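The two complexes that follow have chain A in common; it is paired with chain B in the first and with chain C in the second.
Then we have the complex of A and B:
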């Protein structure tokens, strides 16, 4: 059970986690960086598959290559393909991480722990959204970065914020056809965000390029619309779209678009299960992606020696995550007696500048209240367990009023994804049913394992006679 | 309005008492700090096994089994029969001694041959040295407790409030209970708050010697059929059953961390791992299953491990019910007994005086 002891363990090797690890290591600390993927970079700066020898460079690819080179030179111990399934404070002084790697579970200990677990996307369920050929909008970016291939031959791209245009542009660059871009945002939403956009001219220019490129290719852009249905039997053959009102409730007739694939997503939400499980208080902030664990700008939390950075502590985008990672790595190092105040000040300035832009983009991407009406009674909400909105409404009508109560009664969120796909949608349905704001509906209790773990790996190799079987219950 | 009785704690025992007193014509209200049935009643492994009940509680457990059978599909009841296994000579002796006494107490427990065991449960390890069987055993789905009692209380017209933690109790004339949603007044009260009984009784200056065990339960992903009965271990430190949906629930009372006062308990990987090892040892094919979720629940107990069920010492009009070893099985029945007592009737079986001396065998 005893493994190596590090000064700092960082979970997640995206822009936040990798920079936190590099910053802490630069202060002379022993740092372990744990990540599920083959290479560092996170979802945003994801590397292409090792099976692809060469591909044209992209902005994200280059940023990732720079990060991976810095990481390689940093002295950080990077444990790739590592899944952390449980975390506990051992003896009050050390964190113990149970890590699944190559089918085995090993323990890693560290004096300080930084969670940089990133975000996941929100998809509002509609009829047919679980058909093959439908993937998330952010999921599509991972596919295209890793496999360098578009999600289909003729794709509808639906979603909010800048991501919908980025995905449409990438699909075309990789040889796919975009049947339509469908976005609940209106041009006016973008105009309102213009002042923030102008602070980051390079990023604004990329956005302008995506838009003009789509216009030149005569790709229809349906502003103020959303996909309301996915059709097909074994595979998607088209989507229905409807116009939305100002609160994004569907209006008027549905019209049909033929497509063999759909990318759909309505913004990102912090992955807060690990922090929640470790006792960090959660708060709701729609402008940062919904429920998030509370932390300071430099990553400190209410829990001793536990830090947070990046989109997992509030969605502010890659540049803010990178700066906050550095800031948090330095804070953890300072708390371990290796202060570097000048570096901290510099990172804080970069974080604040990047966060203003990132927060504006998150606000543009955040789902609005009316979107919940796209989820019809027959729509599957919890896809692991096949629970429909109608079943959830019955449970709510019978008096269940919390995420935990719905989970207990219906198993919604008890499947392999552990509720990661559905809990925000279920929270939205509970809020709509009770006529309260989503901020009044707390997510369900977080429990281990943080990722599914095989019984054999958790059990490890053992001899029966050595099992620490306690004395039996009283007769 | 002033209720006849306010019941603090919306688990199986509190709700069963509420239904009984309501059927007897009293106006009752159930208050829970969280959701109904989300404490021990809702997060235990759901095992209904006479083989792991205490000898002196066997008559109560037999009655409990009858009630669970009547509750039926609404609580996921399944009478599958259950095998209890010994893997070495020491455990075989323990199994023999204990199950003989439990059989004498009325549980239909028999010892079975290896051939019979193997025919019934082919996925079990070859390392079984001795086994007992009880046809009465089975399980229910603890997660449905809240849903079930919410419906029953509504049907019976019993008031209940969820998210209503009692933060203070005043007794000047009637009882006045402070909650975040306002005060509730009642002529009598029943404390049925499980592991939270101690701080609750302290509000009335009564010191109950209640402590909490932190029991761990895990569930796997959906698997092909691996077991048809409840599988247990001679020491009681493993319970396993496969649900109709293919998931396997693994329990056995391995201890997590935390106390009720600090909030929820937490799973401790250092006890979860041997718990899973024992499960895999019993059914080797479980090694390939994935654990999707592990959790803990607080099981309240007093030093002699017998129930608290009767008047709260020194406070006129207050009662306490809890700390029942095997409380999931026995809960509906002892709740009904408590209800009868509150109604002034003579209960069918004796209750357990909360004013007893806990260090002695007094029952």
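Then we have the complex of A and C:
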């Protein structure tokens, strides 16, 4: 199980991780950058698939191309299609990563570890949301950036913050039809964010363009609404939508919209399992996406030689992630004895400016308390294990008061996705049941594997004769 | 109708079509795109049934996290959203 030893290993090749890797390599360090996808860029600057020979350029595509060119010239060892499924501290001085590539697991060692694991999206479960044809809102951006195709012929786009308008606009650009844009936000929420928006005129202009374009195309925009049901048997054939009150609790009658696809998401949340598993304390901040591992602006944590950057340490958006990646790569290099702190100053200013805007957008996208009422008793909450809200409520009534208790009682969060798409919703249900704020309900204990791994690959190669057999216990 | 945002779908050039099989059915996909994209275009939104509730499932997160789009190739369970289309690929439902 021995492999190459790097000075720095970076997990995640989005704006944060790739910039961290580039900054550390520029200080003369040997850097490995590990990422699950084929190309660097993360989800926000995701590259087109190999099948796209030619396509009109986009803002995100250009930003990603610049990053990928810098990475190619950096001397960083980029391991694509690499899935890190376990991390351990070996002998006190080195991190050991267990990495699944092409069906085989190998070990990679590094003196310092930077986690740039990005964000995942939160989707409030509603009846029928497991039907084929329903995809995440962030998932839709990944699909469209990678494949340059819309998610269906006639799509309802539902969600919070700027992402819902971006997705609607991209669907139309790629030849799809938008049946309706449904957003829990009201115009007043956007007006309140205006001061922050005006600090980033280029981004504000893009938002205004999306809205004007949808208005001109007569796409209905349902402010203060959410999808409350998905209908269909083998796949989606429509959605029901309801108006929401100020706390986003559904009220009034449901109205139907015919659609063959739905993109739905209510904000992003930091992917904190790896940091959590390695002992970084978590805290809750709704304006940064919920539960997040604690780190400094330049990525340092309470754990020696472990650093965090980007949306995985608080959702502040791509520009802040890129700046924080640079800061973190330089900090790791300085801690490894390569003097560099003076270089940090410019990146710190960029990070702070971008973070103010990003935090305002995250706050705008964050789900409010009433949204949990969209999850009816029959709604499947844990998709992997098919656990409904009714089953969870029974468990809660029997005294399960924590995420760990619900997980061990019902297996909710123990399926193939590892709780990535139900944990936050379950936390919300526990909070609602106990009448406390979500910040009082910590996520469950993080355990390996961080990602699904075949048992054959996890076991590696060994001979049964080499297995130590413990002495039988005395009778 | 006046459009602020042009329809770019006709300006996208894709790799040649190749054929792969999905549960025995011949499907055309562009070489190098994801299986998920090719199957969606062919109208196959349902990729598997959930083990407990047996409800139909298909691609959901589109980034390799949710495991809803898994299919089987050569006995290995893989995510359709992270697996590229290649000529002659034999894909079956799990």
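We adopt the following convention: the second predicted complex is superposed on the first by the 467 of 475 C-alpha atoms of A that agree within 3 Å, B and C clash if a C-alpha of one lies under 4 Å from a C-alpha of the other, contacts with A are read in each partner's own complex, and residues count from 1 in each chain.
Everything that follows uses one rule, which is that a contact is a pair of C-beta atoms (placed from the backbone, for glycine too) under 8 Å apart; a residue touches a chain by one contact, two chains touch by 3 or more.
The structure presented is a predicted model; accordingly, all values stated were derived computationally and were not measured.
Participant: Superposed on chain A, are chain B and chain C clashing or fitting side by side?
Facilitator: Verdict on chain A: chain B and chain C fit.
Participant: Looking at A:470, would you say it contacts chain B, chain C, both, or neither? Reply first, second, both or neither.
Facilitator: Touch partner of A:470: chain B, not chain C.
Participant: Specify the partner with more touching residues on chain A, choosing between chain B and chain C.
Facilitator: Touched residues of chain A are more numerous for C.
Participant: Mind working out whether A:452 is in touch with chain B, chain C, both or neither, as first, second, both or neither?
Facilitator: Both: A:452 reaches chain B and chain C.
Participant: Taking the C-alpha centre of chain A as the vertex, compute the angle to the C-alpha centres of chain B and chain C, in steps of 10 degrees.
Facilitator: 100
Participant: Look at A:405 in the shared chain and tell me whether it touches chain B only, chain C only, both, or neither; answer first, second, both or neither.
Facilitator: After superposing on A, A:405 lies in contact with chain B but is clear of chain C.
Participant: After superposition on the shared chain, which partner residues are touched by A:431: those of chain B (first), chain C (second), both, or neither?
Facilitator: neither
Participant: On the A-aligned overlay, A:36 touches which partner chain: chain B = first, chain C = second, or both, or neither?
Facilitator: Only chain C; A:36 stays clear of chain B.
Participant: Which partner does A:80 reach: the first (chain B), the second (chain C), both, or neither?
Facilitator: Neither: A:80 stays clear of chain B and chain C.
Participant: Could you look at A:243 and tell me whether it touches chain B, chain C, both or neither (first, second, both, neither)?
Facilitator: After superposition on chain A, A:243 lies in contact with neither partner.
Participant: Output check: A:336 vs chain B and chain C. Expected answer is one of first, second, both, neither. What do you get?
Facilitator: Neither partner.
Participant: Just chain B (first), just chain C (second), both, or neither: which does A:98 touch?
Facilitator: After superposing on A, A:98 lies in contact with chain B but is clear of chain C.
Participant: Shortest C-alpha to C-alpha distance from chain B to chain C once the two structures are superposed, in angstrom?
Facilitator: Checking C-alpha atoms only, chain B sits 7 Å from chain C at its nearest point.
Participant: Identify the residues of chain A that lie in both the chain B contact region and the chain C contact region.
Facilitator: Touching chain B and chain C on chain A: residues 415-416, 452, 454.
Participant: Going by the contact rule set out above, which residues of chain A touch chain B in the complex?
Facilitator: Going by the criterion above, the answer is residues 1, 86, 88, 96, 98, 277, 395, 398-402, 404-405, 407-409, 411, 414-416, 418, 445, 447-449, 452-456, 458-460, 462, 464-465, 467-475.
Participant: In the complex, go through chain B and note every residue touching chain A.
Facilitator: By the definition above, chain B touches chain A via 34-38, 42, 52, 54-55, 87-88, 94, 98, 101, 127, 143-147, 150-151, 154, 162-163, 219-221, 234-237, 245, 253, 255, 257, 264, 266-270, 272-274, 276-281, 286-295, 305, 325.
Participant: Touching chain C in the complex: which residues of chain A?
Facilitator: Of all residues in chain A, those touching chain C are 36-38, 43, 49-56, 81, 103, 120-121, 130-136, 138-140, 142-143, 146-149, 151, 169, 172-175, 209, 212-213, 216-217, 234-236, 380, 383-386, 415-417, 420-421, 452, 454.
Participant: Along chain C, where are the residues that touch chain A in the complex?
Facilitator: Counting only chain C, the residues touching chain A are 1-15, 30-34, 36-37, 40-41, 45-47, 50-53, 55-68, 70, 76-77, 81-82, 84-85.
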